[in-house]
Amino acid sequence: MLPIVFEWHWDVGHFVFMGLFYLALGIIGGGLALAFKATMQDLCSGKDPHEHGHH
Amino acid sequence: MNWDRRAFVKFAVGAVVGLHASPLVPKLMDDSAIWTQNWNWVPNPEDGALAFANTVNPATGTGVKVCVIAGRLKGERLIRVEGNPEHPTSKGGVVPADASALQNLYYDDFRVKTPLILDQRTGMHVEASWEQALDLVAGKLAELHKAGQAHTVAALGTEAKTLDGELLSRFMAAYGSPNTSFNVSAADTLAMAGWAMTGDENLGFDLLGANYVISFGTPLLEGFGSPVAVRKAFAAWRKDFKRTGTLVQVEPRASVTASQADQWLACKPGTEGAVALGLCQVLIQEGLYDRSIAGAALGFEDGDKGMGFKTLLAKNYSPGQVAQISGVPVETLITVAKAFAKEPKAVAVCGPGNGGEPGRLLDFMAVLALNALKGNLGKPGGLVARQPLGLKPLGEATAYRGDKPRLDGLGTAKRPLGASDHLSLAKGALAGAPYKVNLALVAGGNPAYASPQAGVVRDFLKSVPFVVAITPYLDESSSMAQVVLPCGTFLESWGDSLTPYGGAVSEYGLHKPLIKAYDMVKSQGDVILALAAKLGGAVAQALPFAGAEAALKARTAGLGELAKLAKKSYVVQEKPAYGNLSFKTPSGKLEFFSMNLHNLAVKLTGEGGMGKVLKAMGVTAEGSAALMPHYEPPAALARAGHGRLVLAAVSSLRTPRGDQPITPYMIKVLDGDTLANNDQLVVEMNPQTAHDLHLYEGDLVKVTSTAGSTEARVHLFAGAAPGMVFMPVGLGHYASQNAYTYRRGGNYNQVAEATADPLSGLPTWGLTPVAVSKA
Amino acid sequence: MDDSKFWPQGVTRCKPGAFIAWMVVCLGLLGWAGLSAFLCIFKGLNQTNMNDYFAFGVWIVVDLAIIALGAGAFFTGFMTYVLRRDELKNIINAAVIIGFICYSGAILMLGIDIGQPARGWFGFWHANVHSMLTEVMFCITTYLIVLIVEFIPLILENRQINKVPDLAFFAHHLHRIMIVFAATGTFLSFFHQGSLGGMFGVLYARPFAYRAGIVIWPWTFFLFILSAIASGPSFTTLIVMLTEKVSGRKLTTHKVKMLMGKISAYLLSFYLVLKIADTLYWANVTLPKMGVTFGDLYAGGPYGTYLVWLELGLFGVVPALLLLQRRVRESYGLMALAMVLNCCGAVMNRFVFTIQPLAIPVLPFEKFVGYLPSWQEWGISAGVIAYGLIVFSLAYRYLPVFPQEVELNKG
Amino acid sequence: MSLANRYSAGEHRFGMVIDIDKCTGCGGCTVACMSENNVGVLYDETDKIRSITWMRVYQVDNGKPFPETQVAFFPRPCLHCEGSHGHHTPCVSVCPATATDYDPQTGIVSQIPTRCIGCRYCVGACPYHARYFNWFDTPWPAGLERPLNPAVAPRMRGVVEKCTFCYHRYQRAKNKAFLGGGKVEEMDYQTACTEACPSGAITFGDLKNPNHKVAQLAQSPECFRLLERLGTNNKVYYRTTREWVRRLADNYLKDEKPGQVAAS
Amino acid sequence: MTTHEQGQAKRSGADWLLFVVGFVLFSALGFWGTPALLYAEKPQPFQFSHKVHMEQVSEGCKSCHSFREDGSFTGIPSTDKCKECHSDSPQGNTPQEKTFVEEYLNKGKPVDWQVYSKQPACVFFSHAAHAENAGLECKKCHGDHGDSEKLRTYQQNRLTGYSRDIWGWSILGMGDPPKRMKMDNCADCHRANGVRDACFVCHK
């Protein structure tokens, strides 16, 4: 899974497979971080959590 | 900042995230995975220095190398049995009984590790010291001897001519009992046939030298002689993808031998002898027989004893008649006979039956006659006589000197010929005529399970007040013993083995203790000798050896130094002793009409009563034919029919022969057509026969004979002769402490009925009329 | 005991007593599964009736089936967030929950199905990227994370939880970027649905399963995706319908359901055309090269040709034709029937690909052996269903799953 | 295609030739293999579909009525497929955890039970049933653990195992060669089954080494492989002169004849 | 916006500090506790100085840790091997030697050493391939164990039974032999030296 693991090879298979995997993880992680950051900003700015109305 | 619920939740979340940021989780994940790789209930064998030791497996005759590993902490242990490529006849390679021998050696629950004495109150065996156990047995023997009841002691050994057998025979004779019996084998029959016709009791078949072999009803590839050695000959006929040898198999089932043979003559059960005679007749009528020896043999032409063999054949065994008897087509008989005659190195082979039975003497004589007519006596690739190896006797000959008759009737008019066997002994003892047995000494084997009609022997042992078993295993026989004395397997004790059945060269195998698996276990010879020493007197005098090793040393004095011999583990003659046979017959030549048999009958009854004696011996033929090779329909067949089928055995190297316990690995390699799900025995039937009985694949049936019965699942096999039912041997242990083999299938020996073979008087149990009904 | 303050705003739910009784029933099933799981983990997989001939059993069938049926989540998400079909927002929450249940259930089940659960992570750490199963493992795990992320805002919208400002903000912001997750989920799902098909299509030494394909993907790769997205929306709609029937409340407009039905109809039709073409190619080109005929593989017994007619006919062409018709979709009952048939088709397809390739011997001298699952195997399977029922029941009771519910049940 | 060209580049391609016409089905190879490789015995071994026998001997018959019936035996170790492009065996390509691989140097398909997670995908992928799952913990009742071979690690339940062509023997032979400075010769590395077979039906060696007997025998037109048409490209050759036996080694359409169809 | 709500919102931001405190505290606990709880210390039967022995022998490590003729490696020498030099009375005057001679040598009992570098059953390690064929020094993997004056504490993983040397002394699992002897370490060296890396090279 990681380049430090025995099974890792620097070949196309790993590049594509793991590349896409880490891309997906990155997107999920990034999205979560973004939402987290925005939450913190909103909290500090003292907005009303319910003013966005219903989704 | 208040320490309220929300604050705590944040702290807790921080703690959880923090813990996960430490190595704890990945470390525990890794370690739990490693834990599953090293479960402490999965053994981890210790490494060490490897070494190999030679020995010979007496059960199979295979020369083997045993791999010994010496671990630093746990010491030496045996880890593998391999074939010994240097052994002159087996030349490397093993059969399942060899390769799994360590399972019998090392299975604690199955082994007798200390002397055991039966506690009468609890009915359980209790561990005892050697001193206690030997004192008890010797005391009992001394008591009986003192009371003049020495002859009421019976001993049941395994093989008469081995060291253990000789020691046992000497012990019994010196002690004063005529009742020593051993396992019967085809070697006894072959010796009788040789004695009757050529005067040689040590005939062998030069399979390795032959390139055309006809095997008459014997499982050449499934348990004949030394199975590994036989395979070496077979492999030579198929060397490097070329067929340089031809094998013809005569038997009623598409066995492995029949299938691997170049030609299979599917005959009716028990008619193999007739086929041999039919081939003899073709050789003669086509003029293809040897004239110098066979043509000049006693009883070939008509003479003063009556009709000669030639006339007998012409009269009774023309191809047409034989085809009628055996079901083998006339043309087949003729082509096979011609091919047999044409090949320079051709041999006809007879041997044990599929159930391990000793074969029928008249069939053996027919096969000998065929070889004689072929003219291969003493020739390469023919029938040869082995030269003795020169083993020294253990002392002056000792024979029973008392006046009590043997319980098995051996040597009387009822059974003039023949070797001893457990069944006859048991029958005699059970009949109580002329006396009962007070003490039985079971030495080395497991007759309660393995002897023919094992139920009778079991009943006999049950009836004996005091049974002593010398055995490595907690099996059917030792479970019935008052005293069990532990002896070692061939891997942990001194002992020897002789030429396997049918061998063309004389062999001697020697086994020595390779490991001390259990502290108190001794060689079987040691036990007998220790008993002899305890008894003292004549017995001790007859057996003046410190132990089995010393006895072996005396026995092999002519073969060289024991230590060297033991290291090599075998003595095998380089090549068969070619040249004509000895012809130590009364006439000094080959005899189709056996003068030896004639003289014996005359001695017992006088010329006039001969017919009566022969009748009593089960020979129905009249006149000179009675003492010549001829065909007698097996008695069992007469009682078959009328809804009864004929039971025969299936032999296989995946099941053991004789006394040898089946090993866990052997049980494992049995296919579903031998042992079905839930450990049920499987019997084979021809689909048509099954159909006639309204039986289908997998049906549970009961196979019943007059001797006993067993349950089995039906397996339809087109290769089984119609009207027959085929049952595997070597299964169905019912009283063993071996969790792998206990109650696996049923025991063929409990169902098969033993009848006296015409002329030889030996029990034979190859064919049994049985009723097969849905269970 | 009153839990009404946890209910979503403006709706009513059944009495706590009835709900508890229902939960007890589900927990009973879960208990059966728990016992089975305990036995399988501590005594080993000898507790199942699987064997060396049936290396995969009912568990894998259930796994594959629920993952296929759970495909409603990703495809509805894709339609809602990426293609902006706003009317589907009324059913997307249910789809996400069902997806979550199916995927988490499947992963739990796989954890028991493997012989060494403690080493399960080797599949990730020491991954063999050439194995379709590796792709499946990576994708379903990652997609489960996506589903959790999609499920979280819904949980945070619970009336009580939503009062916490941190969580309310968080839920809101997650919602805002849901398109990112939905797109990621679509990508991941696409691949693992395909890889599940690929798992069998690549078995080139198993004529029954093997399919030709392009580059590294056998045709089953694409067929599995299609059959999953064809049946997923149907399954989601069916669950909504079932919830409506059980609760006696209207949860979405029929229009939404009809749209789901239409999606299923077109996808199923497309799938069937390709599937039939694939089957014909396989039977007439692929198999003869291996020395096998179609007839050999459906030689009778439990695996006769009737399976083909069932899968492609009754559970394929019939629901496709039904769903394609507006009149059928307009009828609540008929649409439900067609959707049931459609889902059966997907389950059947997964069964046929999992069990039958193993059941048909390849060596001419091999014997045919039978397989029936043990009670432990049924236990785990039932447990996954019970788990789903519990999660969905709880979600329905306490979370605002159906935006239209308040509106539709006024008065 | 010539023998050596069937396989990818790499120093050795160890393989076997098994002469079915010599095999008498005695089971010596199976038992020797089990004893060499620490394959245990379950208390119920009649359940053959859960029984582990790396070297399994299949009995087949010609299906003809009495008295034309014949039986024959197919001893079946792991056939060590190579598949296409050098390593695409049915099993190696599917293992998610890299618990099995194709050794490019020897052509041996490994199986590492301690790495195996027990998903059994490889068991399903192998058409020869050469792969076995440990459904049970093997019992080693008191004493029976003593003959275990330290050169082979005993397995735990829940993992897959299979024949390794006695790779540990190759390792041992190499050790000896390292110390003695020699090479591993043909007879230095022989599998336990090959040595055990009393009729010499099995020949083992390097198919790429023209001096090895196995390479010479495998060229024979009487040799064929099991399910060759599937393209498993394995390294165990069988040999028979009997048409009906050969026909059982692969699937054929009605009008096809063995030896006349190419691998797909 | 009410003051109440405002206060709540502000406070929320502030008490994330508690999160940080929890994080730091517990990750520290994890770093300390993982090895402390997981590893048990096991005593060696008695002390042993490699250094003293190395001074007495002529062929270095091989004097006692030798190869057998078949190329296999003896590993820990047997008591018989010790007997080649030791007689039945101690040669030196250390209590350890006395223990050894009396308890082990004279009784013919093998010494149950805890072996630092003991690999699990699934590992095939060929000393011949490394020390003979590749000509590696013992030190390469065993470090200066051969020069040590006493045996260091042996730590055993409670869960796996492995020596601590396998996972390595760094709890993060980092480092090279002799500080760490996991598969990656073998593989790193193999790859660096172009040695093939099929499973069966090192597994059995």
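A, B, C, D and E are the chain letters, set down in written order, and residue numbers restart from 1 in every chain.
Rule of thumb we're sticking to: contacts are C-beta pairs under 8 Å (C-beta built on N, C-alpha and C of every residue); 3 or more make two chains touch, one makes a residue touch a chain.
Here the structure is a predicted model, which is why all the values come from computation and not from measurement.
Q: Can you name the chain that lies farthest from chain D, using the mean of each chain's Cα atoms as its centre?
A: Centroid comparison gives A as the farthest chain from chain D.
Q: Which chain pair racks up the highest number of C-beta contacts?
A: More C-beta pairs are in contact between B-D than between any other chains.
Q: Relative to chain B, which chain's C-alpha centre is the most remote?
A: Taking each chain's C-alpha mean as its centre, the farthest from chain B is A.
Q: Need the central chain here, defined by C-alpha centroid distance to the all-chain C-alpha centroid.
A: D
Q: Report the inter-chain centroid distance for chain A and chain D in whole angstrom, where each centroid is the mean of the CA atoms.
A: One centre to the other, that is 48 Å.
Q: What is the distance in Å between the mean C-alpha positions of chain D and chain E?
A: 38
Q: Return the distance between the CA-based centres of chain B and chain D, expressed in whole Å.
A: Here the centre of chain D sits 33 Å away from the centre of chain B.
Q: Please list all residues of chain B that touch 2 or more other chains.
A: Touching at least two other chains: 6, 32, 35-37, 44-45, 47.
Q: Quick one: which residues in chain D touch 2 or more of the other chains?
A: 47, 98, 114-115, 137, 151, 153-154, 156, 158 - these are the residues of chain D that touch more than one other chain.
Q: Give me the residue numbers in chain C that touch at least two other chains, ranges are fine.
A: Where chain C meets two or more other chains at a single residue, that happens at 116, 119, 122, 126-128, 130, 134, 165-166.
Q: Looking at the complex, which residues from chain E come into contact with chain D?
A: Those residues of chain E that touch chain D are 67, 69-72, 120-122, 124, 126, 128-129, 132-133, 196, 198-201, 203-204.
Q: Write out the stretch or stretches of chain C touching chain A in their complex.
A: Residue list for chain C touching chain A: 124-130, 134-135, 138, 142, 145-146, 149, 162, 165-166, 168-170, 172-177, 180-181, 184, 187-188, 403.
Q: Please name which positions on chain A make contact with chain E in the complex.
A: Result: residues 4-6, 40, 43-44, 46-48 of chain A touch chain E.
Q: Any idea which chain B residues touch chain C in the complex?
A: Touching chain C from chain B are residues 6, 29, 32-33, 35-36.
Q: Considering the complex alone, what residue numbers of chain B touch chain E?
A: Touching chain E from chain B are residues 1-2, 6-8, 10-19, 21-24, 27-28, 30-32, 34-35, 37-38, 40, 44-45, 47, 49-50, 72-73.
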